[in-house]
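Below you'll find the structures, each written out as structure tokens.
Same chain, two partners: subunit A is paired with subunit B first, then with subunit C.
Up next, the complex of A and B:
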């Protein structure tokens, strides 16, 4: 019995112009359209808009945007000394955070990748800060890092060390935000490393040990090279994340003291949402986009060269 | 037939929608309070207006105070401003200069029984430019000293209200009693800046009252005043109290007055609502005087109408209605008024169940004589330029005069 025949006829009755190929194409577009529409409205549209805004002088209160070409970029890069101070702070933050985060994440992963009694508990403890509210995290640390009355300094005093006024001295404030950020986010990278370590075949390690390799040699010559793809991913996302840090700075230091923790994302917020210089803030956002993109490409290039 | 039926349904729906739009007029008023008691009072005040204007509704929209000005700005920029709004004093100059606020002077002055002259002139200064009226203050709240009576008693000291009554509550006495308070209450502080934010978001509110008490000003007529001798002397005293006397909560420390960790703080009358749960005896007194005399400082908020609003004349009528003598008297239970007739009334002196009449009198006096924080359309930029210089000031080894010169160098180009 031919069951397909009447159905085809019915379809052709309704839309005789619809060929099979056209219909399949239409159906495919219908299936992907929610994602495509979402991408256009919420990603591509704003991205194009930011490019346009970056070439305007637009103060929200004045209600008019004047096209100024590349003036905002020129002002930022060549006439605004604050910008370079802010970039320096962002670079210092990234240089401090990325290696510390990755080293700690790898150490924790090595300790917690194999099963032992209580391993799930320890993994949960180290991952919990990742899902904790960033604002709550910062408030608690702000309290702990008080000058004389802070818990951290009181603990240091027990061993005869006079702690600094952590969040009121520019260099210490930067160190404090880096370390507290690392403690908050290290759990995510730890999980990625644990997954990668568990994917390393045990045979490789056993073979190396049979050949007389020490534990250190097994790690440096067998495991570490196999972790390289994961390391690259972690390096890229941690670097991008470090340039985008905002909530932590906003709550803990507000960019101070003496602009010592004024990083790029916070500076963009200040220009756009405090001073309402939308055009200038958009230009800064474009510059940040280029910096992050360049860093990512450099990292990928280094990785490719290493592989070759 | 099918097409005709569809047409009839569509036309009917369109007519219904159009008539609905024509009949219902909603006035949107943004406020930053989410307090049920405040909103109930505001809705009550709007009721007679709604009754007088059939088909009109009034909706008070709460926007959290932390993002209030930002969100208002984005609504304006998006072409969807509220019809009327509460506006903070620091936002007023920028909105006024951008031409976003309607002149509501003609409307309020023409309103029956309004008596515009009843508003205290210092209180109107920020909202009036010649004959143009950009807003009507609904809250004119002076900065006052809150004190912990128990801690003063423990130190065997007269409290600031008693000292003020004797005319002895000045900056010198403030420093003197602060030392004694710390001696008598170990582990506690004598004074905390407003909301513990004196080194951050309230950095100017920390230094403004003493600077004025010494006869100075932060800035005036486009000139920075931080480096003038009066301001230097005032800030030097505060600096000494923070780092030499160790009586004021220093930067990076917490010493919450409301938890009983500081004997005094500066705040506005609205914070009295926190006091019943504080668990100690307390009182409110004027700010200490100084070589420059009394220096009351007020914080203000006003009702404004947006020029781009869809129902701006109706919104102006609503503002006139909300700020009549009767309604200002009702609002005075929460928001200190700017109308002289209300300030002088017994009803106001006895309006706050938490604050005794003698303390309310000093509040009323501070409203009449108080001056707002210096205004400027670039206040956010000024604060951003000032912040790192103020951070440098609040260090134990800072040279106060040099640090304040640094503040002026940073903000003068913006003034």
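Up next, the complex of A and C:
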């Protein structure tokens, strides 16, 4: 008999109550559970609810929901001319905003990606609108863009130009909301581009310079292709963001004049909370979800292709 | 081909002077290697020659033409970067032909020159591959190929082998040497690896703190170092440095120069003998067997550690008292300032 054998050994030899694998799995679930619970309550739950509501006729005032199958989608896509007008507005908004935003963001990033005195100040100035309240931003621009007495028009008057009533004229309202939205959000894309530019090894540019490339050639033949993954991400998130714009339109034009700035997200709000057609609004939201999902899938597909 | 002449070249970044007056001539067709410890300014000097860094003061001539204010692309230099700097979105063919494309060389001519360079470097089968599909050695060859395609007068290499593993480094070293023999173009090569410097160079430029410590052939630097720094930087393992008085013991027949305060002797020049009054007595503290040679660490009576390289397999065991001697021709004397004295 081995008397030196410690008594605790027998206890240690016993199989533990939880295996290492089980314990690690429980720990993992413990860590991810807050996110999972949040996802279920705030994302998946509402999403399932919207899918269901989209197949009901439910007027918020009547408090009565009737299952109607795909009627709401049928009405939206084939019977409601307003819907296609709204889609057209959303597309115009996106086509106006996305290239302008990206071009401006890239230009600013190129100017602000290299260190110079005051660079942090300028980056802050251009990024500040991103973290500014959208409503406050819209209110300020609404004042600036007033027809008479607006600061913009007063400045134009100084050089002899009579500015229009920007937010009241159908031809100008869309341009005004696009430009003000670009100025608000361009800082975000600028930061993404700056990060991407700073990640491009300096050697590439130097090698190209040594081989005789001009600055323009260095940009078009070396830098721009290397920015492609970032450009793709920016393209998709900006496009999605442009389809989802609401607060800006709500505060600046309310969808007017003459529904000239009535975009999809605002139209959903109108249907749901002004006309109380919750079922119909849910169907619109589903259509918007499909559009946004399609854009996201395109991004994933293109990125996978690029990686391969 | 062109020679490269530097006259009192200086480089300042703000108030800090990185290159502090370098005079150097690299002859046409010569293979010069800049070597020195990290931060000595060797890469900065190379970048100044390439035109990627401007010259704060002094004169830089390539092929007899003053280049201080000439754009990098117009200096007739081709450069191989430490990181290779291969454009990841272009295949090997387009990487190699990039310089010709931006210079609007016709497609046929571009293709011919790329194929020629590819054949020289055995890259023919890799022309359609992207850098990510290549091994380290292949990337290195593409980087060299890109420089060759431009037919430069001077090749510049900035630590081109430092990202390769030891075996590949030896292989690529021989390829670069063979390339120089074939092209006979002036080459300037930066490295911190003195073995690379010794094996490749016609002329080695040893730099320290922005100054040239010595210029000479590998043999000159090994056999006749100008100062303690060069003596210890060139040669591996580094030269042993002992008080000058020990010289009498290492080589009894040698006359000690009057101003000598220290004596240097390379580990491979020390011989192990029986301890006598005519030899330097030491105690073995460690034997490192490397296969071809054994590196023996010994402790001198004064507590100083000394290295001995011997090709014998069986070295005295640890703790053994031994004697050390060397031929007088293999002793290097230095004065109080570290300068060589004869």
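Assume the second predicted complex is superposed on the first by the 265 of 308 C-alpha atoms of A that agree within 3 Å, B and C clash if a C-alpha of one lies under 4 Å from a C-alpha of the other, contacts with A are read in each partner's own complex, and residues count from 1 in each chain.
In this section, contacts are C-beta pairs under 8 Å (C-beta built on N, C-alpha and C of every residue); 3 or more make two chains touch, one makes a residue touch a chain.
Please read these numbers as outputs of a predicted model, since none were measured by experiment.
Once the two complexes are overlaid through subunit A, subunit B and subunit C fit side by side, free of any clash as defined at the top of the document.
Using the contact criterion defined above for the overlaid structures, shared-chain residue A:257 touches subunit B, although it does not reach subunit C. When the two complexes are overlaid on their common chain A, residue A:46 makes contact with neither subunit B nor subunit C.
After superposing the two complexes on chain A, the angle subtended at the C-alpha centre of subunit A by the centres of subunit B and subunit C comes to 150 degrees, rounded to the nearest 10. When the two complexes are overlaid on their common chain A, residue A:276 makes contact with subunit B while staying clear of subunit C.
In the superposition on chain A, A:229 contacts neither subunit B nor subunit C. In the superposed pair of complexes, A:168 makes contact with subunit B only, with no contact to subunit C. Here subunit B and subunit C are compared by how many residues of subunit A each touches, and B touches more. Looking at the shared chain after the overlay, A:99 reaches neither subunit B nor subunit C. When both complexes are overlaid on chain A, the residue A:213 reaches subunit C alone and has no touch with subunit B.
When the two complexes are overlaid on their common chain A, residue A:203 makes contact with subunit C while staying clear of subunit B.
With chain A used as the common frame, the shortest Cα distance separating subunit B from subunit C works out to 52 Å. Considering their complex, residues 50-52, 72-74, 77-79, 81-83, 85, 87-89, 98-99, 101-103, 146, 150 of subunit C touch subunit A. Listed in rising order, the residues of subunit B touching subunit A in the complex are 70, 73-74, 76-77, 94-95, 98, 100, 199-201, 250-254, 380-381, 384, 387-388, 391-392, 394-395.
Interface of subunit A with subunit C (complex): residues 201, 203-204, 206-214, 217, 221-222, 225-226, 228. Every residue of subunit A that touches subunit B in the complex is listed here, in rising order: 60-63, 143, 145-150, 165-168, 254-259, 270, 273-276.
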